[in-house]
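Please find one structure pasted underneath; my questions will follow.
Naming follows writing order (A, B, C, D and E), and every chain is counted from residue 1.
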Amino acid sequence: MEIMRVVRDLVTTQRHALLAAKSLRVVEDYQGNLSVALDAVGCKPGDFVITIGISAARLAAGDPRITTDMTIGGIIDEWSEQEWRS
Amino acid sequence: MEIMRVVRDLVTTQRHALLAAKSLRVVEDYQGNLSVALDAVGCKPGDFVITIGISAARLAAGDPRITTDMTIGGIIDEWSEQEWRS
Amino acid sequence: MEIMRVVRDLVTTQRHALLAAKSLRVVEDYQGNLSVALDAVGCKPGDFVITIGISAARLAAGDPRITTDMTIGGIIDEWSEQEWRS
Amino acid sequence: MEIMRVVRDLVTTQRHALLAAKSLRVVEDYQGNLSVALDAVGCKPGDFVITIGISAARLAAGDPRITTDMTIGGIIDEWSEQEWRS
Amino acid sequence: MEIMRVVRDLVTTQRHALLAAKSLRVVEDYQGNLSVALDAVGCKPGDFVITIGISAARLAAGDPRITTDMTIGGIIDEWSEQEWRS
């Protein structure tokens, strides 16, 4: 799993059906690289979160038919930008 | 999932049978690195899209027997080159 | 599998249910890049460990429904920072 | 999927049984990084090909028991070194 | 698959049960980055080998319940450091 920060929501009108009912978030790693993750916990911009990849991402989405390769599986209680970047 | 931009179509005459009925697109990431993705939504060059990888790529293709490791699963409504590269 | 060093525990109060019963550790690679791994062996900060990824991470967690993509599967008996970084 | 160029054949006498009946090719990406891929289409050195990874690689090999993580799934009709490297 | 060189054996006394009966090797890529792979063919330090990743690693280990994400699946007959690094 990776430690990421939520940047913003992502809106896609033309989207694959199985993803349609879930919220997508743009997340960044400590170098500022952006990815898109499905939100399974209810997070908001600025939160530090744990992202789950590989086939576990589909399980973490609550339904293995959901076509995600990255799912936000938890919000980290205590984490600072200092810990993240060093 | 990753945010990519569609570059062009890709034509392959000698191709594995299970991929044959689907359109392939060359896509690039924000650094200009090229990959090939199966198009499940109907996109065109210049579109910013979400690409889905890992085993979810096969599900997003509509048939898990389709031999893809990257599938375009949505077109992003509002995205600019500025957001992408910073 | 990768050779990693355990940095600290990770506390997440809002966490996906299937991960809830297991301990999470922050681990670093030889370049200091941080990841989060599920601990299946009982390790402590400073230990050099083997991390298992991909679908094998779920099996190594003891239950393939556990939504992990990285699991600590062993503690290395003899390993030094010198071997790791050269 | 990735766009790769075939470099040469690879001969391994001590090889895992399930790979034994298939040809292996050394392939390179646009930066010259080498990998090994199973050839499912019949390609030759110099061909630009599409390589399929992840679990789809096993399906593209024609038998999901074949132990490959990268399979050549198509030969690209029109591709030049210029397109590849820019 | 990747071309790697075997560096040494790896001893782990506290190890996940399903890995216990197999030998682990430290391997390096052409840049000297170290990983750990399960040995399914019987190789020795200095051998150039093919490593198999993703879910195929578990199949190549001879039992898909074995929790490996990288398995040595073959020894390369003719390979030199020159080919590897250029």
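One rule holds for everything that comes next: a residue touches a chain if its C-beta (ideal position, glycine included) is under 8 Å from a C-beta of that chain, and two chains touch if they have at least 3 such contacts.
Just so it is clear, the model here is predicted, and its values are computed rather than measured.
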Legend entry - Minimum number of chain-to-chain touching steps separating subunit C from subunit D: 2
Legend entry - Distance between the centres, which are taken as Cα means, of subunit B and subunit A, whole angstrom: 20
Inset, instruction - Please compute the C-alpha centroid of subunit B, do the same for subunit C, then give the distance between them in whole Å. - result: 32
Legend entry - For subunit E, residues that touch 2 or more chains besides their own: 53-55, 57
Legend entry - Running round the ring (origin subunit D, first step to subunit E), the chains in order: D, E, C, A, B
Legend entry - Contact footprint of subunit A on subunit B as seen in their complex: 1-3, 30, 40-43, 50, 52-57, 59-60, 71, 73-78, 84, 86
Inset, instruction - Please name which positions on subunit A make contact with subunit B in the complex. - result: 10-16, 18-19, 24, 26, 32, 34-38, 53-55, 57-58, 65-70
